[in-house]
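Please go over the structures that come below.
One chain, chain A, appears in both complexes that follow, with chain B as partner in the first and chain C in the second.
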Partner chain A sequence: MNKKIGVYICQCGSNISDYVDVERVREVVEREEGVALAKVTMFACADSTQQEIVKDIEEQELDGLVIASCSPKLHLFTFRNVAERGGLNKYNYVQSNIREQGSWAHSDTPEQATEKAIRSVRAAIARTRLAEPLVSPVISSERTVLVVGAGIAGLRAAVDLADAGSKVYLIERDHFVGGRTAQWGELFPTDETGGAVTADLYEEVINRDNITLHTGCEVVSNSGSVGNFDIKLRIAPRGAKADTDAAGAEGLDDFEKRLERAIEACPVEVPNAFDFGLTNRKAIYRNSGGFPLMPAIDFEHCTRCGECVNICPEIDLDQKEAFEQIKAGAVVLATGFDPYEPGTDEFGYSSIENVITLQQFRRLIEISGDTLTYKGKDVKDIAYIFCVGSRQTGALDGENKYCARHCCTSAIHSAVLAKKKFAEIQNYHFTRGVRTYGKQESIYEESSKLGDIYLQSFEDDPPVVSCENGITSVKVKDVLTEDRELEVDADLVVLVTGMVPRADKRIGEIMKVPAGRDRFFNEVHPKLKPVETVLDGIYLAGTSQGPKNITETVQSALAAAIKTNALIGKGEIELEPTMAKIDRALCEWCGKCQEACPFDAIDKTEFEGKAVAGVNESTCKGCGMCLPVCPVNAIQLIGFTDAEIETMIDALAD
Partner chain B sequence: MAKVQAGFADEIKRFGAVDFSACYNCGNCTAVCPLAENDNTFPRRLLRYAVLGLEDDIQSSPEPWLCYYCGDCSETCPRQSNPGEMMMSLRRYLTSKYDWTGLSRKFYVSKAWELGAIAFISAIVILLFALFLRPTADPAGLINAEGGVKINSFVEGIEPETFVTIIEFGDWTMAAIVSFFLISNIFNMYLKIVIRNKKVKVPLRLYVKEAWNLFFHFGTQFRFSKCKDWTYWALHWLVMTGYTIMFTMIVVILPWFQTERIHPISHPQRFLGYYATFGILLAIIVWSVSRIRRTGEVHKYTHASDWIFLIMLFLTTLTGILVHFFRIGGLIYPTYYTYVIHLAILMPMLIIEVPFSKWSHIAYRPLAIYFTSLINSAAALEREEKK
Partner chain C sequence: MDKGNNKKTSKILVFSTEKISDPAIDLAGLLKQHYPPSVDVISIPCSSGIKPRWIMRAFDKGFDGVFIAADGTDCPFSDTCEDKTAGIVAMTHELMDGKGIDKARLRMAAICSVCSEAFVKQVKVFTDYLAGAGKSG
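And then the complex of A and B:
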């Protein structure tokens, strides 16, 4: 069939026409086969021009459209839209880039820029001749979202997804929600406690009927994809009858007192991970002020003596793990971070007794009474060593090159908290340059006005922590004092440890979410698609994607919730028609395409009694990686068929 | 390896320093300071030393004396850390550190001590007059040919020449006390800045070669004149010359100054006296009004010692003027009693302020420039020798 093609050559004001002789381009391409009209426009993207093109399509009954203008990255969707408004299939529109790849690149040689533009437009026309009208496949989608992790990001995302009308499964591996935030005590700048903030969100979660919260719960496997994730959950035994949050007739206070007595009665003591090992807890435990209210049994250490059950019959030591199969249209990963664990002897860690991490220090402030003591000794002078486990360049060469963002503010805020809460505290900050960006600058100013002392070194000369005769001191060549060697005796050295990705990589492996160079889950684009993964239907919330403070964590959680809702909110998902298509008659299943596919979209299937490759439409991204590896050329990429590419090459080379 | 002493902040605040701990070493103070040199460390280095409590480094530094407190740094400071006031406080602190008796620190940190000492010396002066120099002469013989009061003839049986000699003896005693303490403190300053300087050894010939600095800067206060607002320098120069003239007249040439007859106004005794009085009085008025109104950075913060200094100087000047006019007007007893009060204020002011307090800068400032030039020249020599 002979198409009637309309060609528009854009001057882009003078961006193109200053170097490319647009009139000559028009004259040449006008003579191309199938070109019904060829026009020069001042701005193809201008409203009036768009209307003119729509009118042309309708009046001239065009069935192909070429616009030679800027990069498709800028206006592909604009002009596809113009084609559709004129009644064309949008895939019958082809863009030719004569600005970024023409006038701008060849401004020194306008003659050749014009020649290149002519060939480029002819190639576009050639492709348009073969372009097929394509229809986007539509799949139905569950209006259910699985949110993995009930820290502040997961809680926040779950609430907003539920309010937007989705059913939400919120799962948390721990037996208590709140994640890291619940551990931190007073937060900058409002001085609300992390526990209070997460408790509020927990309240909102349990008040919503369309959120199902599972604690002690992990993803075991997934066999679906966007719109229809088929996920198996494992729910570890809590050791308490399920959903015993309600105190019943007894009244909440009495119930809690009884729970406390039951915990008191437990004879087993193990280090408390919630306090980073600074305290011990029983084998039946609650995180301080944590939710849900019911304590959990640490079955690894529980001796099943039954003391707690005697006081609290709600406790069930025979509870077994359970499995649940769910379907979800999308998944939000809010799996958080681990604090960086310094190596042995890294700034004296674990070799010098009074060296602790920032996270331990936060807990120490929380669990201390009127005086700050560590291992029985009063703490007055505190040295903070910044960027431990972050920005590991220079002499500190390590795998974490990134800045962990939150730690400068967190350390300084902690120092101010300690100074206000306890008497005679003197803080010494050994920084590599303070990064209390944005509104957080005020805490830095407050700290320095309170008399905190700041010293600074660079990565090639980090501070040295040593201990002699029981006195721990930190030495540094201070760049703020003409590189003088200075020494501070400290009762406590706090290593300002940053964030690293979770050591437990299973969720990433199960969902096949790729990690970036920093080993955090990777977003598609840091600015334009910051919460999307390359996998449709899987979104990132909070620090699973990279270091963030709580404000930024919640922002990304809300962004993930919005994006998730936009995807599954209609109950159906429109996919890109650009995808791989297998010629099953030719395919002899060698598996090479499956290996090449970065999205796990190809599986072995059967066709007329032989093994062939099958493409999962909802996961194929049309990247084309499988095409060149096929030994029998059995794969075509819809929208970019071999015939289309070849005809373009012919037109360019002609 | 120097130890950081955060507690120094509390110590230096006793000497007046305010809110300096927020300093983040940006260097704006250095950028605006017209006296900062190419190494770009003045005055921020001293502020950093103070934040860290590096007392040895502070005590061996002449730099606080090289600042004249124009206040541009404090005005420009983005953290309101008041570097100018810090330099001022360091001068007070250094004065107390040069002083081996420990009195200076007591006077600076305790008003009771300073006022008590002033009262004590005043009492001695008044007591000496009451015991030995009561106005027993017949008032009829106390009026001279010009109709004025014969100021040296108040005591029956003591000749005017003897009276002047007695007062002169008192002055010289005072000067001896002041000199003893001041010179021993200067020696301390010299030890800290030059002798204990680990970086350079100063060869003897340099002491002679650089000595001109001492006299030149004492006389002209040239460095001060490089500050932005030259009027500060001008007023200060007026005071300094007036003060020096007055001090010379009352100590070195008292018989020439304190005469029985009243000279005509063209006599240098008169016009030098007026010049000195005018300079000092003008400065007292400008400085007092500025401190009350807190005009400009330099007058924003006033330490107790600043007020005591200004008040003492004002009272000395006022009583001096009164003695002068009572004498010319022939008012016999007012002349006598005002004269006694004048001495009872002047004496403690000089004994307390010159070696132990604010007046000491008359010596320390030019000396600091001298010592700095010694160290710099010695360092330059060493560099040349290495080449």
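And then the complex of A and C:
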């Protein structure tokens, strides 16, 4: 079919025309087959030019449009809209990038920049000649969101999604909400406690009728995709049948007293994960100030002796796990992080008894009374070893190459807290360069003014922790004092451990969310699409995407909530038509495409009595990984067909 | 007036990716990090989706070299992208062997979304190699 193509060459003020002879480009390309008109414009993106293009499309009955201008990253959607306003199928528009990849890249060779621009526009015209009008699949969408994880990111995202009008399922694997934030005491810079922040958000959640909170809950399967995720939830038995949150003040008081006695009566003691093993808890337990207020039973360790039930009949040891099938239009993954667990003997961890992690130290400050003690001994001199489990480059050669961002500030803030709360504390910081970026620099300054000592080494010569005759010491060649070997005897060594991705990968596997090279969930683009995944309808909030402090976590959660609402708010979703298409006549099912597809979008199906590949349009992401593995070339990627790519190659080669 | 030399330089076709290496190539332009203007770019969703026949077509049509600006480990689609793209290069090398084309005329390197300098360096070095190698292999 002969197309009537309109070509517009943008000067971009003078950004393009200073180096590319746009008039010459116009003269050459207007002779190309199918070109009905070719114009030079001052700014193709200007309103007046857009209107002119719309008018041209209508009056000249154009059925193809090429605009040679800036990068499609900037204005692809602008010009697709222009095409649509003129009544043209938006996929019959092709953009030629003659600015970033033309005039700017080759400003030193203007004549050759012009020749390159001509090739680029000719290739775009050639592609437009073959471009099919495509229809974006439009699917109806549930106005429901599943938020996985009720830490601070999940709680915050759930509240904002609910306020925007969505029904929200907020699920938390633990029996208590708040995640890591609930474990921390005073937070920098406001001095609010993590527990108080969690309590405020929890109240916001339970006061909204359109949020359903399930604790002890996990995703076990998903069979749907964007707009219509079909998700099965497993809700573990909590072991408590009363909704004590709604019991009223008097009822609550009575319940609290009985519960305290029930917990005291429980004969089972296990290490308390909330305190990172520093304390023990009973098999019936609540986290410190944790929500919901109902206790939970640790059924893995409970002996079912019934002592707690005798005192507190609200306890129900016969509860069974439950399953719930839900439909969701979108999913927000706010699954958080694990603290880095040092290896055996890494800076003395687990081999020297007074070496603990930063997370343990935070809890130790919280649970200590007037004096700071660890394992029965007074703590005065504290050594902090930074970047443990982070920035594992060079000689450290670990898999965590990244900086965990929050830990310098958290360690120094903890040191300041310890110094203010307990007497005679002296802090020694063994750093690899302090990274208290932005406003957090003030805590570094405060710590310095309080007399904290800072030493520094590089990754190829880290501090050495040793213990002789019951005295633990940390030795380092300090680069700040010209490599002097300095040694500190410490009552406590705190390993400033960072964040690592969750060891439990199941949710990523179930939802098929790709991980990046840091093994956290991968965003589409770190700057331009930081909360989106390549999976339509699945967004990332907080540290599931990478290390963040609480402020950054909440920012990310709000971004995810806004993006999610923008997607499902209209009740229908338009998908990109780029997807694999099988030539069923050619296909002789071999399974290689199915094997190559990272999204399980290809299944074996039947066509005229033979087995062939079939593409699930709602799960195909248009990556094209199935294309090169097909031995009979039976797969084309819509929008990137052999014909389209090869005609561009031909045009560029001329 | 061009400051650059006017001798014919090697023609290179770059396959770059919409989400990862395209931004790097755009960034090179933004920063005016010049590279040979005989480098043309075709953008695709993912470097693991390049068909060997497209690369062979480029050689048939007169391109001296083909450079795959790969997603590498930054690929938003799959953590196996690097291996899969390497597999495409290996498959194409076999086809090139069959036609007596120097395998070094096909190169691949991971170009992250801000790796503009790496991109410029790669295509400059490749251009120089092709100029020195007599191109046709």
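As a convention for this text, the second predicted complex is superposed on the first by the 573 of 654 C-alpha atoms of A that agree within 3 Å, B and C clash if a C-alpha of one lies under 4 Å from a C-alpha of the other, contacts with A are read in each partner's own complex, and residues count from 1 in each chain.
Throughout what follows, a contact is a pair of C-beta atoms (placed from the backbone, for glycine too) under 8 Å apart; a residue touches a chain by one contact, two chains touch by 3 or more.
Computed from a prediction, not measured in an experiment: that's the story for all the values here.
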First (chain B), second (chain C), both or neither touched by A:Glu485: first
Touching partner for A:Val534 - first (chain B), second (chain C), both, neither: second
Chain B versus chain C as contact partner of A:Gln101, first or second or both or neither: second
Touched partner set for A:Ala283, first chain B, second chain C, both or neither: neither
Touched partner set for A:Gln426, first chain B, second chain C, both or neither: first
First (chain B), second (chain C), both or neither touched by A:Lys475: first
Chain B versus chain C, judged by how many residues of chain A each one touches: C
Touching partner for A:Ile315 - first (chain B), second (chain C), both, neither: neither
Chain B residues touching chain A - in the complex, by the definition given at the top: 1-4, 6, 9, 19, 21-25, 41, 45, 48-49, 51-52, 54, 79
Parts of chain A lying in touch with chain C, wherever the complex brings them together: 71-73, 97, 99-113, 115-116, 119-120, 123, 514-517, 522-528, 533-534, 578, 596, 598-599, 621-628, 633, 637, 640, 642, 645-646, 648-650, 652-653
Sites on chain C touched by chain A in the complex: 2-4, 11, 13, 19, 22-23, 25-30, 32-35, 37-38, 40-46, 48-54, 57-58, 61-63, 73-81, 84, 87-88, 91, 113
In the complex, chain A residues that touch chain B: 381, 426, 428, 445, 448-455, 475, 478, 480-482, 484-489
